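You will see two complexes here that share subunit A, one where it goes with subunit B and one where it goes with subunit C.
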Partner chain A sequence: MAEATQPAGVPASGTPAPAATANVPDPVAAGLWRASWRAIKSSWAGRLSLLTLVLIVASSLAAPLWANHVADSGPLTNHLTDQIRLNGELTDVVSFEGIPIGPTGQKRFFLGADANGRDIMVRLLYGGRNSLQISLVATTITLLLGTLFGLIAGFFRGWVDSVISRGLDILQSTPIILLGIALGVATALGGINLGIVKIPGDSLFIPALIIGVIQTVYVARPLRGITLSLRERPFVEAARSQGATNMRIIRREILPNLGTSLLVLAPIIFAQTVSYEAALSFLGAGVQPPNPSWGTLISDGLDVLVSAPHLTIIPGAVLAAMVLSLNLLGDVVREAIDPRGMVAAAQKDEH
Partner chain B sequence: MKYTRMTSAVAALSATAIFAAACGSDSDKSSDSGSGGAATAEAKSGGDFTGTYSSFPDYLDPALSYTAEGWTTLWPNYTGLLTFKHAEGAEGSELAPGLAEALPEISEDGLTYKLKLRSGLKYSDGSPVKASDFEHTIKRVLNLESGGSAFYLSIEGAEAYVKAGKADGDISGITADDATGDITIKLATKDGQFSFYLAMDFAGLVKGDTPFENATDKPAVGYGPYSITEVKPNRSVTMTKNPNFTPLPDVPEGKADSITINVVKNQRRQAQDVINDQVDFLIDPPTPDQIREVKAKAGDRYKEEITNSTYYYFLNLRTKPFDDERVRQAVGYAVDERALARIFGGLLAPSCNFLPPGMIGYEKVDPCPWGEPGTADVEKAKALIKEAGAEGTEVTVWGNDEDPSSPVTEYLADTLNSIGLKAKPRIVDGSVYFQTIGNQKTKAQTGFANWFQDFPSPANFMFLVDGASIQETNNQNFGNVDDKEINKLIADAKANPDINAVKGEWAKADKLLVDKAYVIPYGNRKLTKITSSRVNFDAFQFNPVYNHDLTTLGLK
Partner chain C sequence: MIGFIIRRLASMVLVLFAVSVLVFAIFNIIPGGDPAVRMAGKNPTDVQIEAIRKEWGFDKPVTTQYAKMIEKTFDGQLISYSNRENVLERIKEGLPRTLSLTFWSSLFMLVGGIALGMLSALRPNSFADRTINAIAVVGISLPVFWIGGLMSYYLGSKAGIIPAGGYVSISEGGVLDWFWHLLAPSLAISFLFIGIYSRVLRGDLLDALRADYVRTAEAKGLSKRRVVVRHALRNALIPMITLWGLDVAITLGGGAVLTETVFDLDGVGAYLADSTRSLDVPPVMAITLLGAIAVVVMNAIIDILYAYLDPRIRL
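And then the complex of A and B:
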């Protein structure tokens, strides 16, 4: 007797789902990864964006090495009254007028200093770590919550769908940055205290949680649409007719078929998350000072934009490179595994 | 004056002092004013002038305004029974008769103030100034729930008037005779500072029929060298010479025919405009990275002025580790005022005293127990922390998100870490910062604090460290300083209306505060005076209470 739940994407009849009738392409996970990798390798945009991402991630991970063995300064260490030798002359790290030194090209203050005399290169690397950590956690939260709500709403339909969809409507109708600022400011002072769970106000998990939650709608909506379609497919009918419970159908039939969508959505959501993190931190509602992130670094440089433009330009450029690379990579992956833009179409339909 | 927003231009500074910083600063080559004194030349009369502010005054109503922009703008338009001299330096902090013939006659018990209105004075609309208008003026302050109403609640019947909630009610402690001009004020409780309150902008006389409502859009009729003739809310305000003004001994005639103040949010553009002679004056300092350019291009019309302000770190004596004097001393040794001056873009005069140098009662704490301002002894600080057994103690350093609080807070956290404590900064929104640290439940250990004077008396600073002012909420004695000796010195000194007679007490209290490291003062904020090339720069005065004195703005 055939197993009620076949390997992902394979209906109970044993016949692979015809691509023309499916709402998603072949969702065999291993195949997806291979197809994505092939697409990245074969396109200059893919190679360039992957290289940029690897460089940024690797250098961010190496932040302590640079700080301890090259710059000899932590990300929070002030050097307001220090002097360094530059072109043979002793130079203030921060001038009496408060103007920080520009890029020196030396080990110390390679990219210059900020208004508190902190080494920008060190802070940029640590800022990258913080931004990437937050983005990673936030993206994970978004994908988990989005999948959960999209799946439940699409599978159960009826009042469950109505409740979740209206909730998502409310979330979507709220300006996302304003909502993020409100939540960020509210939690920055006292942190989050839910009895057993206590998160201090300066924890990186708070901005990650906020961004993760407010982006849920961008994953939940397309996945709901795809689930609505999947639940009517013959292999689900077959599983149901063989007595499979709802939970088993979700786990064994529906969820594996959402793999493609998630793989396509993940880099887009990650890029969006990086931007939101920077925006919230720039506005003071994300990473709390003195911890660095790309957003706080850009914000810190604004007051001395004319005399020390590097303070804003350098983190801005890294941020732009990161987001651009993620988007390019997302496009390459999408074209490889979702050539007919089904995820995008589902997203559009939902809107 | 209450705490200031520095982000957009040192917005709410209330007063300044002109004395040079008594304590040195490193490589400070700015042109701080010297020991005060009158400007060297008199400006010519005539001309229409324009200036720029970063933000519009909070109110154009003397009863309500409580910001530097408001006070600078309103002072030439509204004169009280008393005023401060139109002068720079210490002289500008001196009380002088305004619409009153002389300074008040104070009864021996300090509860009754008698004044006499000058005769023949006319408001800007030509109507006569009456003695009873004083009561109306104070009623407006109280009825409109002005931020300044607390200053006048010591008048007998003032609290009952507020409680009754009737605008046309009576304040029993004020009696005025329009025929003779006699005004008698009875206080319910003795307040040695009351004469200062009579000279504040809140008590600038307005005509007796001025409605009990915010008069910003249609400014009240008052008495002064100028009258406000046009208001474009949030954009500009124009004042022109008051034709009905008669110069008073301490209230001179204005020089300019008219002065228009425009709001320009962009500070960078403001400075460029004045350098290029497109605007005649600014009240906000240029951005730090513009100061060099301003000094290079317009150095002869740029001057830095030290304000009657104090910037300090509070240390909460009710929380560990600052209940231990050795830890507080360690902070004193570790903080480097030179470093902090850089955070202020050079616009900070390092100091060891809590009282600002322009204040009566200021005596330089010499030698400073923690080393001269601008030096730091981290090794000594480390040793003290070790001796106190406080190594590794967790400390939260509080600050707000308004410049320069955030970098100043981050600096202290880093400094405390460098001496063996385990500190981290906590930056909160500026709008809730002082309420947060002023709530005893917060148990704020240490953090950023500052104060700008409301009126030029040490009492206006010392209440911040007076044990009697400690409260559960809205506490402004953030460190809960409660030293019997200091409390007594403050109580005795502030009860005496003759400020010069008690300046020794104020100085002693100031020194005790520093010696016992109850607070860590690190400097006084500087403001700047910048004008166009047609303005008589030397004659344009910087008053310690009202900042830029617009009555002295004139042509070369």
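And then the complex of A and C:
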């Protein structure tokens, strides 16, 4: 703390002013969460989206409960030849002509079955679970990698910055959806084999890793800009004059000041991640069948849209509600802790 | 200006090379089993795999493999191993469809983005502004393959208001029918981007309206319309147009995978989607490479255009 209150002192020892002039959000790290929470609580958009998020997350977490205690069927269990009692009559889950049972409103097959006789409600809950797990891991990877690269490039500048920035340029000049598809197709059959770690092709970790990596640019870019201007701030100067090492400056001075940016970026990145996961899985380059996810469920649903529209409408509506809530929350949080839109500015004037 | 163009083109060639290495790395370097097996598709025989290994030089050094990939992609000999289709021929077949979709969607995006952005910026925080903001958030949140699929069925097959999908070329059905079949998919794509563009333009136009040169223009007694359109808008449009140019290139390069699929347009993007579903590597590789090239080249064109319009950039 003493470092921060030291007088500014003389300009840095010969270091020229940085080229990038991104403004830095005020370092109020301690109050960030409280300010965000207060903003969410006080706006109806914030409250509504938080409620939606909690509902979706809770129902996905409860998937095994529903599967084991209510529906009595797993997400991958076929009931092709089974019969259930419906209005007192024994009914085929999948009829002789191959038409699956519609919504029963009962414990079993609450939303009906798919062509393989799998319980749609169970698959929807597990699909949400898979989508959320992937998105959570992917968002974490994006934030970690993005912070790492942005911080290193902005702090050390010079050739390190050049290498990282050119790398990001190249990553960014490939359309992200094409990049995701290419990676998904390349890893779907053989998985990833790193010698010590071997991830099979149908693992949920593969789409998480792919989406996590391809979005790095969106975090690294703005954080690089913000770090560039943070490192010229008087408190960094002060720490340096007291003999603090680079590691210590990064840990104690720079990193805490990136909090605002990360908190502003996190919900938006999360929302994008959920969208990409759904899109890639929809196309067959994400979650591999028979595993369910919102994307694969919509893809399966569209095939039977004529006979069973609810199989498309429900997973899509949940997916849209999830992404919309995250975007709205992102808006509320940004307005509360970054009212002058500095993170957005750093995102924009980056070269 | 000539110097700038040469420098920009040189860096474009470098990026093109780097992008091709990236695509190569995705399919050849990521350790995950035998690349020949991956290339062969879902149910290959041993003989096929061996033939592919020879053909693509997977038993040779990486540099040879890279050269093989580039050669095969561009000499028109690239064949899908799942259905023996010639990949480049198939892409060429899909290109007019994708081009048509790109044409209309980019037009909608541009007009819609400018109109809504101006509406927002001229009356910030008004009812219209807030409505547009809400539309923008909804636009970026709705999955296009979901809303598109529902649109094509409910407005198309069921209500018969719009065609349920498919493509009609100008020579087959005339300009009107061509446009009519592209209307819904173009709107589905633009819905997402109009929201983003209007937000970007709103911010930049508000900044521009506060600038000194706008005050000068007003002080000279120019009409409000002239000040906004001729002075502020011209400058404020630059960031939005940059984004637009890139999105046009992405759509052109097969990036409208989802829209093309749900509206059954059978263009480059739909071909990519089909190949993805069957894990057919050669087309995915070719389209990724070509899509990336389209974006890189478009990027260079935009930069050069700007340098022509705005001399400061040439420095």
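Note that the second predicted complex is superposed on the first by the 313 of 351 C-alpha atoms of A that agree within 3 Å, B and C clash if a C-alpha of one lies under 4 Å from a C-alpha of the other, contacts with A are read in each partner's own complex, and residues count from 1 in each chain.
Throughout what follows, contacts are C-beta pairs under 8 Å (C-beta built on N, C-alpha and C of every residue); 3 or more make two chains touch, one makes a residue touch a chain.
Computed from a prediction, not measured in an experiment: that's the story for all the values here.
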item: Combined model on subunit A where subunit B meets subunit C, clash or fit; value: clash
item: Partner chain in contact with A:V306 - subunit B first, subunit C second, else both or neither; value: both
item: Contacts of A:V185 with subunit B and subunit C, given as first, second, both or neither; value: both
item: Partner chain(s) touched by A:A115 [first = subunit B, second = subunit C, both, neither]; value: first
item: First, second, both or neither for A:P290, with subunit B first and subunit C second; value: first
item: First (subunit B), second (subunit C), both or neither touched by A:F96; value: first
item: Partner chain in contact with A:N78 - subunit B first, subunit C second, else both or neither; value: first
item: Contact breadth on subunit A, by residue count: subunit C or subunit B; value: C
item: First (subunit B), second (subunit C), both or neither touched by A:D202; value: first
item: Doubly contacted residues of subunit A, that is, touched by subunit B and again by subunit C; value: 185, 188-189, 201, 284, 305-306
item: Residue numbers on subunit A that touch subunit C, as the complex places them; value: 166, 169-171, 173-175, 177-179, 181-195, 201, 271, 275, 278-279, 282-285, 298-299, 302, 305-306, 309, 312-313, 316, 319-320, 323-324, 327-328, 331, 341, 344, 348
item: Residue ranges of subunit B in contact with subunit A within the complex; value: 26-28, 268, 287-292, 336, 338-346, 401, 403, 406-407, 410-411, 413-415, 417, 424-429, 432, 436
item: Subunit B-facing residues of subunit A, complex; value: 76-78, 80-81, 94-99, 115-117, 185, 188-189, 201-202, 284, 288-290, 303-308
item: Subunit A contact footprint on subunit C (complex, rising order); value: 15, 18-19, 22-23, 26-27, 30-34, 37-38, 42, 137-138, 140-143, 145-147, 149-150, 153, 157, 203, 239, 250, 253-255, 257-258, 261-262, 272-273, 275-277, 279-281, 284-285, 287-288, 291-292, 295-296, 299
